[in-house]
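Both complexes shown next keep chain A, but they swap its partner, so chain B is in the first and chain C is in the second.
So, the complex of A and B:
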């Protein structure tokens, strides 16, 4: 009993969070997460913040981390905060991309107090009790492709008018995204030399829903690169860096599978 | 989760005050009250419900429901939205009030005489009801498998607007005749027969060049059975006036048909194809060609493989 009390006391004393960060970094995180979920549980430690969330249909998952270095100042103990992402998005609209945001957790009111210039916004937090801790599957994905965000944006944009899904092929010689409707077809084939990196021992092919894929790829900023790990009729694992390399985002997306 | 059984009035009041505060601040809590109560409603209409035992439910989205021990529908309710809930003590009783301002001011007042049970619990549910066996599903099935209506029939892409509204399916039969099909998921009556006739009449009077390309059905199944006086289905119709073309056929595809509707179809040279739900269901409930898998299938969080009931369905998105 005594140790329980001691642990609780320890937790109390370290349950703090005070940080300053560029608004753009927060905007990017919220953008990357809110495509899948409305609420998220943020894990805060002395090293940085992270979150894992699975979408309500259990089709996609995001695993995002932001190191303490991504912040201009960072002081924190172990803490879990429940964020309403839609609300947080609106709050961040109050700040320009180049502005800095000061955040502080107020335990007594259970709010996150955000200061943008002289503006103070107190953000009520969501109860994290019912929020799951998603289990990240251990995937064996044979192929790896690193491709520029611009090429992908174009292929995805073009595919959206044709179909609700795309076929993604990784071959030892090339990487291809294609979509077709009854009449029309689109494909983007990038030979090995036009890719940043291609490691494919065998040809793999999977189909993915554009509803998901499109928003995930939009989360990679222009000028950035996306690493895709692929298999056949298997989930895709996509990774990219945030906050000048001080943060990292991993998406998993389950495939669509032909049953005929 | 907070539960109070047979609480004293003071405890019940405190519980409800805190639960309602929680309802306001954090979304996602369900509050239930089982109590002997009276219910008054003032709004577009007015109602009173004298003392009795009821189940009162406040849903996370702001919905209020008051259920008696009978029937599936609540006796009093407020739809979801910005309803204001408050609780106070009045003349020694607890008064629970729900106020709705728009589009009209409406108030539900519940006087709790004897509270038996109080429950407040976080409620999370991101799933939406997936409706199967809809008329839209039937259209898609017949489009992909026209032979379910008639062997040799080919449906054309897209909606055919007859200028009196869009007909469900349109195509060409073996003989090259234009066929308009109206699909209903329940028994066809005079209004469905009239609807089909309006389309066919317009089409018979108008031009009927075949536009668009042709998509062949593939599977080799025939579950629809033909009924009615136009048994062969290939004679077409003799129009009621000189202008009509015998080459436009109209088919009402529905499980059964009323005598009046059948007569109307026959009078206008239209046909009825009886659809057999039991046979169609196996097609409708079959998994989609490209089903969306969940991460659970690959050992991640979520739904397990083979959990077909809950497999996420991604219907074809309609474009244009």
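So, the complex of A and C:
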């Protein structure tokens, strides 16, 4: 009994978070997460921060982590913070991308105090009690493609006027995204040599909702590379780095399936 | 009266039938007087009046017409003949209409005379005499003895007033006076929410839904500008208020349903009434709603077979369900009530088929009540989607109903839970 009490006391005493980070890094995280959920539970440890969230329709998931190195300064113990992402997004609009943001968790008022220059914004936190801890499903995805986000961007943008979903094919020789309507069609085929990487033993084909895919690919940001793990009529796992390689984002997206 | 459609023209229809099933005589999509509606009207008994006074128990019934909006014409519905108590009870509320034959309902409803007058939609807060009497009838959950004085006695017998959303009623005539012969019976919850000028109309409706006040009664209250915050109370045409109530009540249930666990198996429900056949599949997936209606050749709006479809995915609709219109919201409400009742969410597929037995439009209450009855029936349970689909096909005359369905036809959105095991 005594040790339990001591542990709890220890946990209480380490429930702190004080960090400085580029506003742009925070903006990127919020952008990547808020396409799926309105609120998120942020796990904070001595090594960095992370979050996992599933969208309300259980179609997509984000698993994001940011190492302590992504911050200019970082001091933290074990802690969970519930963030209203829409509100957080608005708060971050107060800072320019190049600005730094100082954050500190105030336990007594249960607020996150953010300092941007001389501006101080106290952000009320959301209760994390009702928020789920999603488990990342274990998926068997045979094919791997690494592609520049810019190429994908163009294909996705072009597809949006044709359909609400796209077909994604990974072949030993190429990678292809296509969309079609009754009259029109769009197709982006990238041969192996124009891809950063292609590992496909067999041809796989899946369809994905453009609503989800387009927001996810936007979160890669231009200049970045996106790794996609694919199967047939199977979810896609997409990964990319953020904060100059000190952070990592994984998306899972369930496919659309032809019912006939 | 049944078989009235035998007189429909057999030559090429004068209007594209695909337009007619979306319009149902109510939206004037072809720009001409509705030839189908005229044909139906010709088969309904007419009312002859010999005096300007019409006195009788209003079921309670009121009507607000949309033509000329933001001016509306409105008034009470009063039967010119004394009715048997039994008949009157039957006319009171759509929850009581269910089960009665189309001929019976049309015959009874078409005797109700609408004594109407024009009002600005903003007159709700400062009503003149006829409006005030109409509002008092709207408050009541029981018949109210009402006396109308008409501007003139019509020289000939008059036919009914029909719409696709609203229940049938008798001729609409200009009135100079409407007086109540007794006090309306107002349920306590209605009295409280009508008196609450701080509650928004949506809030008031959601609260009334937790009491025994019926959807019809809520619709009367909304229509006569008796709900909502003080400065926003307006008269709402009956047709719009019916869909507004169905939509508002459904929207209030949706967040609850989305919080419920998914159904574990496939449920199948069925009900038929007055030539309207409903088959409903509940699939073990997140919330989604998909409704198709097929008007078989020779049924009211369709000289040739026509199908219309509307749907919503998990995140809901942004626009009006303009293919199926009011029936969509009435059906969705019935399904949401059921899902809350069984404590599960599901993807819902509704297949409605209409045959020539349904020869006059009775209003969207028919969809709401038949769907409610379908959902009350014990479901058939399937583990296998293919078997459930075969079952629907067995009772369907629609070639390709599955292809018409948004969730079964083309491409459906899978969820992550359907793949692999969690680690």
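Convention: the second predicted complex is superposed on the first by the 260 of 260 C-alpha atoms of A that agree within 3 Å, B and C clash if a C-alpha of one lies under 4 Å from a C-alpha of the other, contacts with A are read in each partner's own complex, and residues count from 1 in each chain.
As a convention for this text, a residue touches a chain if its C-beta (ideal position, glycine included) is under 8 Å from a C-beta of that chain, and two chains touch if they have at least 3 such contacts.
Because the structure is a prediction, the values reported are computed rather than measured.
Student: Do chain B and chain C fit side by side on chain A after the overlay, or clash?
Tutor: clash
Student: Quick one: name whichever of chain B and chain C touches more residues of chain A.
Tutor: So, of the two partners, B touches more residues of chain A.
Student: Using the touch definition from the top, say if A:132 reaches chain B (first), chain C (second), both or neither.
Tutor: So A:132 only meets chain B here.
Student: In the superposed arrangement, which partner chain does A:124 touch: chain B (first), chain C (second), both, or neither?
Tutor: Only chain B is touched by A:124; chain C is not.
Student: Considering only touches as defined above, state whether A:196 meets chain B (first), chain C (second), both or neither.
Tutor: Once the two structures are laid over each other on A, A:196 reaches no partner at all.
Student: Can A:165 be said to touch chain B (first), chain C (second), both, or neither?
Tutor: The answer is both, since A:165 touches chain B and chain C.
Student: Quick check on the superposed pair: does A:255 touch chain B, chain C, both, or neither? Answer first, second, both or neither.
Tutor: both
Student: Applying the touch criterion given at the start, work out whether A:58 contacts chain B, chain C, both or neither, answering first, second, both or neither.
Tutor: both
Student: Quick one: is A:185 in contact with chain B, with chain C, with both, or with neither? Answer first, second, both or neither.
Tutor: So A:185 meets neither chain B nor chain C here.
Student: Pick out the stretch of chain B that clashes with chain C after the overlay, from 23-31, 113-121 or 167-175.
Tutor: Among 23-31, 113-121 or 167-175, the clash with chain C belongs to 167-175.
Student: Which residues of chain A are in contact with chain B in one complex and with chain C in the other?
Tutor: Comparing the two interfaces on chain A, one with chain B and one with chain C, the shared residues are 54, 56-61, 135-139, 165, 207, 209, 234-235, 252, 254-259.
Student: For the complex, which residues does chain A have touching chain B?
Tutor: Residue list for chain A touching chain B: 38, 54, 56-61, 84, 124, 126-127, 129-132, 134-139, 161, 164-165, 181-182, 207, 209, 211, 234-235, 252, 254-260.
Student: Going by the contact rule at the top, pick out the chain C residues touching chain A in the complex.
Tutor: That would be residues 258, 286, 313-315, 402, 407-423 of chain C.
Student: Could you pull out which chain A residues touch chain C in their complex?
Tutor: Within the complex, chain A contacts chain C at residues 54, 56-61, 135-140, 165, 207, 209, 234-235, 252, 254-259.
Student: Using the touch definition from the top, list the residues of chain B that touch chain A in their complex.
Tutor: Checking each residue of chain B against chain A gives 25-28, 122-124, 126-127, 157, 215, 287-303, 312, 314, 316-317, 319.
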